[in-house]
């Protein structure tokens, strides 16, 4: 049995990224900083499409920021131009002002990379962390219930 | 005392990156995937300028790859357009085919971010890891002696 | 009447790009090099989805390149995070080994930017231009018939 | 005689860019949007290092923007990892609120690419173009005298 096997929890938020020419380096595989850009895009889409929260309004309207404070990533199998990589977002932890998400990149049931990202909600005016608003916290908790226990 | 204080070991490889307009996002700070691109550039320069190994020949000539297998990063203080961020490369561990480096981003003696990156030397032909060549290992060991104990 | 009005020809290839946080700069609008990356992605999708030609096989399998030899772009109206920009690809000219495409970025019927890109088909082995293969030329001509006269 | 020969005017602003692994695509040459990022960086450095104007203060302090309204580029010879590309900035035209610069990429006396970029000074508050301030115009005119006639 392949220990890289990955089956996303039912109802977990998954989006497929087409690996493009522009993602790849002279070795023919994705240049790794592009994965972090894909993660950020996935989180943006998760807010908007899954939680029903317009991410751009959170930033531009409410003047909130979501800087990353910690990121850990394991790169297991490289991806190549023409492949379609599935990215699944799992919730790991809901803190007072922070949120920890796990993003798993997988293809055909095999895990290719896994990242844990800790982000903190801040005010762009004061640059300080702010408590997660109640309505947002409820949406996070609903997603956690939907996708199962917090993932490590 | 500020626990973010950072004094690089004497003789450690440090390069300064001018934070540009293009690095920054609508929140006015560096968009985080750019840091990973800066790390890769620093490692490239370290091979060429510090170790005297032409990194492009390692890739294009000898057909070696240096994919990252694990990355951990703590983002402590954001950086803004017009600032000059110092990046210092420390060696953490020399393995059989892998190398672990710690990169500290600092400005005016204060640590802003810290990353640990594990990279494995591979053959681009076989896509498998290869043992670090003796000459390269000696250069890594010399740098380790120059900059002090392995850093965690 | 607004002279920036734009109605794409019926059956023209159009894809919508969500303008993301990561596309935008401290001025809050798309940092212009990202548009060129979007253009390249649109052309890639046009080959694969409209013409039925797997672009990654053209590059990786047949070892062809499609370098740009000339690009002209007019930027008329900036785009912001949260907007959805439509990109329409029109054929301008089919040469012996070159192809000229016009890409129009538009939103709600108003043209925001327009680019003309000349690309040449090359062999990655010889680095020289090659004549467009007959089958590919036929697909280009069919798209030209579908979308009307060559556009300037 | 090679009609791609290029000798920059004496005293023209030139900076060298090390072509990195990260700039290059699976075809082994610079992925073209990176050139536009290099152009923007060159212009930024030209303001700060040549004209003595802190570009970040113009943006963040004075709240000015310098969006591009038109760009034309000829790509003549591709560049590869490990090469050092010289970029020279020439002034083409000083308008009421716009500035046209020509950037030539060259290596060992041979021109590899040439771009003409028209930028307009705007107010980030009103999003409208503003007249170039007198002090800035004088600096542009001094650079024009230094490097010879306006270039086409």
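A few points about this structure:
When the chains are written out, they are named A, B, C and D in that same order, and each has its own residue count from 1.
The rule is simple: a residue touches a chain if its C-beta (ideal position, glycine included) is under 8 Å from a C-beta of that chain, and two chains touch if they have at least 3 such contacts.
The model shown is predicted, which means the values in this text are computed figures rather than measured ones.
Both copies, subunit C and subunit D, contribute mostly matching positions to the interface they share, with over half of the numbers common to the two.
For subunit D, the chain whose average C-alpha position is most distant is A.
The distance from the centre of subunit B to the centre of subunit C, with each centre set as the mean of the Cα atoms, comes to 36 Å. Averaged C-alpha coordinates give centres for subunit A and subunit B that are 25 Å from one another. For subunit D, residues touching at least two other chains, in rising order: 21-22, 26, 28, 33, 37, 40, 59-60, 81. On the subunit B side of its complex with subunit A, the touching residues are 26-27, 29, 32-34, 36-37, 40, 59-60, 65, 67-76, 78, 124, 127. The touching residues of subunit B, counted against subunit D in their complex, run 18, 20-22, 28, 37, 40-41, 44-45, 54-57, 59-60, 80-82.
Residues of subunit B that touch subunit C in their complex: 21-22, 24-26, 28, 31, 33, 81.
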